[in-house]
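You will see two complexes here that share chain A, one where it goes with chain B and one where it goes with chain C.
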Partner chain A sequence: MPSGTLGAAILASALIAALGAPYLAPQSPFAQDLIMRLRPPATHAPGGTYWLGTDGLGRDVLSRLVFGARASLIVAGLAVVFSGALGTAVGMVAGYYRGRIGAVLMRFVDTVLSIPFLLLAIAVVAVLGPSLLNTVLVLGLTRWPRYARVAFGQTLATRTREFVEAARALGSRDGRLMRRHVLPDVLPSAVVVATLEIGLMIVFEAALSFLGLGVQPPVPSWGSMLADGRNYLATAWWLATFPGLAIMLTVLGANLVGDAVRDRLDPRVR
Partner chain B sequence: MPAGCRRDRPPRPRGGLEDRNAGVTRFVTVRLLQAVIVLWGVSTLVFAIARLSGDPVALMVPQGTPPDVMARMRHTLGLDRPVYEQYGRFLLGLVRGDLGTSYVQDAPALRLVLQRLPYTAELGVAAFGLALAAGMPLGVAAGIDRGGWVDRIALPFMLIGQAMPSFWTGLLLILVVSVDWHLLPSSGSGSLATLILPAVTLAWLSLATIARMSRSAVLEELDRDYVRTARAKGVAPRRVILRHVLRNAALPIITVATLDIANLLGGVVITESIFAWPGIGRLALEAIQSRDYTVVQAVVLVGTTVFVLASVVTDVLYSVIDPRIELGDTSA
Partner chain C sequence: MKRIALLLVCFWLALAGAHAGPAFTATALTIDLQGDPATLDPAKQYDTNSYDVYRNIYDNLLRRNPATSAIEGEVATSWKAVSPTVWRFSIRQGLMFQDGTPLTAADAAWSITRILDRQFNSPQYGNFNTITSATATDPQTLTIETARPYPVLLAQLVNLSIVSAKYVQAHDEPDVAAHPMGSGAYRLVTWLRGDHAALAANPRFWRGRPRIDEVTFRAVPEDATRVADLQSGRAQLALGLTSDDAATIKANPKLQLLSGPTERVAYLAFNTLGPSPLRDARVREAVADAIDTRALAQSLLGGYARPVREFLTSAHVGYDKAIAGYKYDPASSKRLLAESGHAGGLTLVFTTSPTYDQRIVQALQGQLAQVGINVKIQSYDFGTYLQKIQSPQHDWGDLRFGQWSCACLDADGVIYPLFHTGSIWSSFSDPAFDRAVDAARSTLDAATRSQNYAAALQVLQKDIPGLPLWQVIALYGADRGLRWRPTPDEQLFVFDMTLGG
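Now for the complex of A and B:
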């Protein structure tokens, strides 16, 4: 099986888990059963089998894992769209007008690029406070410069092409020119960056939640489940194992798809 | 390719070595100036972020501080002044090395960060060295052996390695090495034994990235005409790799490795939190928990400065390694 297909299959499973969580999860992700605390995987109980064990509050790990896919994919998806739109817009404006506007914008891009991501994210979360929406905001506001770089380069190349000149001669305004004529040329490169970013976004969401700066409990997220499992390392190995496995597989899937998309749309880099 | 280095222009007529040295000096000056501009931009960003919430004082004091104390503080800090004046004072402070005062710990924020910086430096250098020392040979070996067994083992390893988040790697290492095998301590600092697990954790992601980049850099160079020429004229395969391919593949590998320092600095926060390592990453997290924004801000500024300086150093190293790189032309 080509690796791109494998990646797509993995991503699709994560997506199905996220969308169908209420139907797929054997139990509620919030239901606590203090008698069944910290049971190992494949524990049979009157209410059903805990295939991946239970956590410190007696909640079913499998169910929380399935519901955790939601936080992961929602945040990663929204953050990619947000940062992609922002970065592409900035890059296109900089490339289209060039000159002073372009220089200032691209300097700003360099500035944001030179702040270590997690440090910037921490500074923003420290001010705004942690929540799902703020996680999207933080990721979106810190990850856009790569799109800006790509869109800038592509716009510089496209703006001098004949069809753009022709449209301008026919009286098209700048905004329309950029939307109708430049954007279609910029989009494929932006999509390549976006597919490569999805995996990173999933990791970053999990990292922020792991540090307690992302999605807040009791909402299940893979990162916060790992943080939770950290407290039981010596007694309950499954708590720190399965959420990590879920993150790794999803990111692997996203990366494989990203590589495949890049190879198809951008044959120069390999 | 780093900012300021361009290879797509026709080479300037070359003078002697003296000309080149003058070029290097000018290049370094320009890069340092650019670094200052970037740092100014970052501090402006930090200044703006602190005001996103409306009241910076609320971020600087412990929860439950009486309102009259906060009002007095607002006045002492000049927060009742117009924003441009606050901004001016903030920048002046930075120039003098004053990153504000931590009201939680009652000490200058910069001093608190600098106290912790050596620990982070130790961890970072160990991890970066490990990532380079293991990642490069792995990637190069896989690239040379394209499709062979080294490549077939290394490639999945790199793909999986890149998908493993460091906070999970760290927990697994503790689980296996510390809990199961009782081999190495899971926290603490000050000895080689305590350094190993955090360094491996922090190096993990960079190692996979560097290995993968080394592999594709080698593959790209192997396709070039000069390799075919060298082989056709009977140069020994070993020599082709060592003298020709590796020399040319070195540049992209170095670029990726340096860019990865930023990821490393971010990963520091996570690694330090897992292993209770007393560096600046953990300081930042502690500061968030105790609502000590001045310290968070100081960590961001110091961390960024380290990264920006590191990238200036690489750019300069670059220009020394590769004489084809045109110096001094930094127009955007």
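Now for the complex of A and C:
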């Protein structure tokens, strides 16, 4: 099987888990049972079998893992779309106009790159409060410069090409030129960056939840499950292992798809 | 440079070889703390990590007997209330700071005076602000005057570390915080911020040479790492373990679990003043009835917690055993919710910070869900959390979890800051409660104080500005060879420890 297909299959199964969570999860991800806390995988109980064990509050790890796919994928997906759109737009405008506008925009990009991610995250959470959407906002606001740089470079190369010159000679305005002629050339590179960023976003969401600033309990996310599990590494290995595997596989899937997309779309590789 | 060092080592080895006698081996102890001290200036401290380190460098005016918790002399040998507002303390003869200068009453006086200086902005100001003056009437006599009779004075002076007046006046604040110089059992050797602080025994310590020669305090925020350090022998004592670590420690023949009841009480505080459904006392009672404290203490905390009926432990001055507490009664909780117009359910905001044990927060959330109270957890970094809950607008949310200890074993240090009108921790206001705790803190008469605290605790029982949960049992993991007994006020005096056969 080509690696791209494998990656797509992994992402698809994560997506199916996220969408069908209520039907796939054997139990409620919130139901606590303090008597049944920290039971190892495949523990049988009157209410059913805990295939991946229970956590420190006696909740079913498998159910939480399935539901956790939602938070992780929603955050990763939305953050990539948000930062991708913002970054590509800024990069294209800067590359198209160059000169003073370009210099100002790209220095701004440098400034944003210099702000530590976690510092900004803590500031945004302090002002707006922690929530899923604010996590998306934090990630979007910190990750867009990467797209801006790529779009900037690609636009610089494209804007002097003959077909752009021709369109301009025919009287196209700047906005139309950028949308119809420059964007199609920039988009493949941006998509490649985006597929690679999906993996990073999942990891960043995990980092924010790890610090208690991301998705709020009891809503499970892979990151918060991993954070909860770290204190039980020696006593309850299953708590950190399964969300860790889920993150690893999804990031692997996203990267495999990213590689395949790049092979297809990136003009330099083609 | 390297070559010189190598030469020195060779020279030292040759010298060591020349001494044919039994080799002197230094006893070294490594302690894993949960974090790095914020400061080593005793008047600037705010957190237990700072306490744990600097208490070994400085001596306190008074101390508590580690076994009985009775107040005893340390720097002071005896004391007397000359009048209800004037106290005389005799200072121990022959005490010496680590720089060789003598410790006198003037140093003790200055240790208080600098805290009282508003410019200095000491976080301990609130503990000492009833003191109007501290003076050295002669080199061995400290006189303290208070604005009114202050019954908790001695208990607060247990927490007063004596600095050298000359030293702190000659050095600026950051310098004193980074290079502490006291008369205690240990002196600071190095402090690598965020990593570790190394202390060495003070051979001239007045109570004798400490049995442990070197102590290293390491900052290890990860619970699992502290346990791993114990298992690998990297540390001989680890603080802040959870009940889930207890089994790991107990299963290891090289380790021992040291535990002791503390004066710390875990509680749930309600916002009774803000825009919150908890303004209604019936809703507060509904929350109180929905929480099964016993189940949490037994299952979640593995029995390492003692359910309490009030915000005090039986060791506190002011404890009243007549307080009834609340019974776990989900049916009554649902009925109260219906009566208060929340039959269809209710959503409350639980404001918290990762600093607090999130297992407990989520377990409380789970229990409230059982009666139809939907709890939304809002977690902030600790600084933001404090800012929110201390905001005078009381707009911080509806519930918060805390674990309170004043290290003074007195109701005045607990229910006054938690519930007195206007206290930064309080989102409650009741004139009868205020009158009772105000009266109890301005008389030295023990019977009057108990009466007033009983009245104040009755108000809390009836009005429920918060729910007392349990008395915290501190868990320490230690090497088998360490002999030490944890104290209720969670002090960590290395001088009281011995290590090895």
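Just so we're on the same page, the second predicted complex is superposed on the first by the 249 of 270 C-alpha atoms of A that agree within 3 Å, B and C clash if a C-alpha of one lies under 4 Å from a C-alpha of the other, contacts with A are read in each partner's own complex, and residues count from 1 in each chain.
By our rule, contacts are C-beta pairs under 8 Å (C-beta built on N, C-alpha and C of every residue); 3 or more make two chains touch, one makes a residue touch a chain.
Please read these numbers as outputs of a predicted model, since none were measured by experiment.
Of the two partner chains placed around the shared chain by superposition, chain B is the only one that A:119 touches, whereas chain C remains out of contact. Judged by the touch definition given at the top, the superposed model places A:233 against both chain B and chain C.
When the shared chain is aligned, no partner comes close enough to touch A:4: not chain B, not chain C. Contacts of A:56 after superposition: chain C is touched, whereas chain B is not reached. By the touch criterion defined above, A:106 lies against chain B but remains apart from chain C after alignment on the C-alpha atoms of chain A.
Of the two partners, chain B and chain C, it is B that touches more residues of chain A. Shared-chain residue A:211: touches chain B and chain C both.
Of the two partner chains placed around the shared chain by superposition, chain C is the only one that A:34 touches, whereas chain B remains out of contact.
122, 125-126, 211, 213, 230, 233-234 are the residues of chain A that lie in the contact sets of both chain B and chain C, per the superposition on chain A. Contacts from chain C toward chain A in the complex involve residues 222-224, 227-228, 242, 244-245, 247-248, 295-296, 299-300, 353-354, 358-359, 361-363, 365-366, 369, 376-381, 384. Residues of chain A touching chain B in their complex: 102-103, 106-108, 110-112, 114-120, 122-128, 199, 203, 206-207, 210-211, 213, 223, 226, 229-230, 233-234, 237, 240-241, 243-244, 247-249, 251-252, 255-256, 270.
Within the complex formed with chain A, the residues of chain B that make contact are 3, 37-38, 41-42, 45-46, 49-50, 52-53, 59, 159-160, 162-165, 167-168, 171-172, 174-175, 179, 186, 216, 219-220, 262-263, 265-267, 269-270, 273-274, 284-285, 287-288, 293, 296-297, 299-300, 303-304, 307-308, 311, 332.
Taken together, the chain A residues at the contact with chain C in this complex read 30, 32, 34-35, 37-38, 56-57, 122, 125-126, 129-130, 211-213, 216-218, 228, 230-235.
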